[in-house]
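Note that the chains are named A, B, C, D, E and F in the order they appear, and that numbering of residues resets to 1 at the start of each chain.
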Amino acid sequence: MFDRILDQIEHLSPASEASAHCDGPCGVYDPASARIAAEAVLSLTKKILALAPPAPGDQAAGIAFLNTLTRYVAIKEQQAEQTKHDLLVLWTDYFKPDHLKDTPNLHEMFWNAAKLCSQCKQTVNEQKATELLKAVQEIHEVFWKSKKREVPWYTAA
Amino acid sequence: MFDRILDQIEHLSPASEASAHCDGPCGVYDPASARIAAEAVLSLTKKILALAPPAPGDQAAGIAFLNTLTRYVAIKEQQAEQTKHDLLVLWTDYFKPDHLKDTPNLHEMFWNAAKLCSQCKQTVNEQKATELLKAVQEIHEVFWKSKKREVPWYTAA
Amino acid sequence: MFDRILDQIEHLSPASEASAHCDGPCGVYDPASARIAAEAVLSLTKKILALAPPAPGDQAAGIAFLNTLTRYVAIKEQQAEQTKHDLLVLWTDYFKPDHLKDTPNLHEMFWNAAKLCSQCKQTVNEQKATELLKAVQEIHEVFWKSKKREVPWYTAA
Amino acid sequence: MFDRILDQIEHLSPASEASAHCDGPCGVYDPASARIAAEAVLSLTKKILALAPPAPGDQAAGIAFLNTLTRYVAIKEQQAEQTKHDLLVLWTDYFKPDHLKDTPNLHEMFWNAAKLCSQCKQTVNEQKATELLKAVQEIHEVFWKSKKREVPWYTAA
Amino acid sequence: MFDRILDQIEHLSPASEASAHCDGPCGVYDPASARIAAEAVLSLTKKILALAPPAPGDQAAGIAFLNTLTRYVAIKEQQAEQTKHDLLVLWTDYFKPDHLKDTPNLHEMFWNAAKLCSQCKQTVNEQKATELLKAVQEIHEVFWKSKKREVPWYTAA
Amino acid sequence: MFDRILDQIEHLSPASEASAHCDGPCGVYDPASARIAAEAVLSLTKKILALAPPAPGDQAAGIAFLNTLTRYVAIKEQQAEQTKHDLLVLWTDYFKPDHLKDTPNLHEMFWNAAKLCSQCKQTVNEQKATELLKAVQEIHEVFWKSKKREVPWYTAA
């Protein structure tokens, strides 16, 4: 079967070229996914800090408070991990040695952003969560500049 | 502990209000995550269709072809599932009965988009993958209009 | 290889028909998986509400209480998500436009059930968890009626 | 806060008893989840064996064939793993040493069922997949008998 | 294509033998992965028991305490599940009936270890977590002895 | 409750120190988990290359061949991703700026190892898989040297 297909499509080299040079699972990279997760980390950090504790002796309120706090901490953890993962995909799969010419601090930029993700898990710290979102914005700019495209930065929240 | 905190911050009602009215895990919704996954589905569909079959009798090329095809099909599956999941979060958690006034076809819009995700798994069909990306764009427009914001549509690929 | 196979089995059209009309990844649908997860949500909600707080000043009991509460909230979250996912698979992959004739409120039925899943995450509310299990039972009945089969409803707990 | 709650609810011991004796994350066990996954394994095994190979030299059909085969194999793998996991939860969390009196071959029963799950991944073998479903039915009977309940066995497919 | 490959490599039987007798997904088994997860369970158990409660009325410390406790409980849960999964892979896929000659208590050994994983989730109990790590060490010894290899036991912590 | 606990254990500062300085979720790091996954990648790569193609016109053998190939490619993908993840946890959470003194090429070392993981997904290349295992060994040595411990390198296969 494949033999005959080959005969029919032996001029497909451009396509197979593209495939041979595929620089990742699908070639679709966009820091927006990391930005959405980092926004969630910041939002949950604020929500946790804004949680009003239950009135004294109000068992139902105490349980509701702990249900909400536990969920927000768990979702913050998950979203910080997502941010970390989405950023590291860019570092390991999109960026190539050539990019170090325009961005010599590439490794430190991603190392610090990844460490911020861990700090946002380990603490409930609005400043750290704000720094993380800024780190994602910096990566957004470096990324789109490397593709010679202008994509405006925006936040959903 | 909580008792004393409460005494200190009994005027926190705005914050607790915000928390009480939280309309989801973190309030950060953005159709961009579904768009990125739908772009991946389209990209992988094109890459699969563009794969050049191996030269006859070239075992190494035959294995490479099947390694690539298997990976692309698996990633297409995963990204179509991600698109479906991200869209359904908008349908089940963001959109409320009030939204049916401005968007009476809300349910059909999401039902059809979700069914397109399944069709993009079950087939390698560039037209269906293009329809899926269009369906995500339509949801992008309905979503941002409902938030009274103008967010330009763009694709990363 | 495939050529010769084809020669041997060119009368396989019924099989390939079946495959061509496959209405999902495997054609095995059963609301029982959503029912089991919804039962877990109800069970965990009751267990959380029944948790006896620790005796004053008993640190070990305080830690044990929070370990149990955190786990129950996390499992409730996970099982509510599972319920939601299993129900939405029925909505997006099993039910077809034709089913709207017999069940015109199909979309609202699933939308409300999915929103109940989210409410059961966000609260520790036995009434909501009971409503969710009833919503799954309603879907169980609509589903099996659409298949013209009588499958008795039961609960495991 | 907890101190006062305790004063209000010091007679909650039955509830906390129940919680203290919880024999798993939520106490809801039902072999039906393993049965659904095992049915999917059998269904996909049959579908793979029934796949009609593509016509010679028909590239589109060749790609469609490999897309479907890859997906079915991946879903079979996933569902066999799910069956294995759901069965092992019963073995490790539900069944207790006392159950060995009524079911002295408990360990072999689960060991063999788990090994069947692996065989159904490693092969496309309708007989093995049928044996797996039978093994799940045997466990269904042992399980409900141990709970002194009669729950009829049925399959969804 | 396959025909010609076959002609070229019809003497590959040893390789295909190996493949035909593959006793698992990849034949790489090592109890070290279960040991690492069990060490994490013990480490987190100690960390939870060592957590200093917040100073009275210090809201920020109260939130930080609950953020850390929730994370540690969630990670302990996850790592205990990982330990259980990695051990059960050895029981279901690596060990064969022949191994029962040298290790007649194989089933009890794994059943008890798996039940310890669940107990380490349900409690914050340093003794149970220590027993779990010892159970993993016992399995490490039985495993390597069955492979007639001497691999020294060590812990990373 | 917390107030009284605090009174009882106000001298716990060493413990809370330890907790405050926790440099990760549990402080248990061991490159052995990445080594096991990298061994699986190499093993699966060899198994794929050693697969004997089916005899011409033997449909059952053709299906068995594709079932095995698809599974091996999928498991190779999963294990390469696991290797990448486990290595990046060391890079982002264990290694600190101070470590750059002893290991100035730390970033390149991990960047190259992560890129090898992606190459082992994208190809079926025994040399690349061998290089990946060697890269993990190099990281094993740098890691244990940084902890001033001697842990012998071994492979399970």
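What we mean here is this: a residue touches a chain if its C-beta (ideal position, glycine included) is under 8 Å from a C-beta of that chain, and two chains touch if they have at least 3 such contacts.
Treat the numbers as computed from the prediction; the structure is a model and nothing was measured.
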item	value
Copies chain B and chain D touch via same or different residues, half shared test	different
Chain whose Cα centroid lies at the greatest distance from that of chain D	A
Which of A-B and A-F has more C-beta contact pairs	A-B
For chain B paired with chain F, centre-to-centre distance based on mean C-alpha positions, whole Å	30
Whole-Å gap separating chain C and chain D, where each centre is the average of the chain's CA atoms	15
Chain D and chain E: spacing of chain centres that average the CA atoms, whole Å	21
Rounded Å distance, chain A centre to chain D centre (Cα mean)	35
Residues of chain D whose C-beta touches two or more other chains	1-3, 5, 9, 22, 25, 51, 53-54, 56, 59, 62, 66, 68, 70-71, 74, 121-122
Chain C-facing residues of chain A, complex	1, 59, 62-64, 66-68, 70-71, 74
Chain B-touching residues of chain F, taken from the complex the two chains share	1-3, 48-49, 51, 53, 66, 69-70, 73-74, 77, 121-124
Chain B-touching residues of chain A, taken from the complex the two chains share	2-3, 5-6, 9, 12-13, 15-16, 18-19, 22, 25-30, 32-33, 36, 39-40, 43-44, 47, 50-56, 62, 65, 68, 71-72, 75, 79, 151-152, 154, 156-157
Interfacial residue positions of chain B with respect to chain C in the complex	22, 24-25, 84, 88, 91-93, 107-108, 111, 114-115, 117-118, 121-122
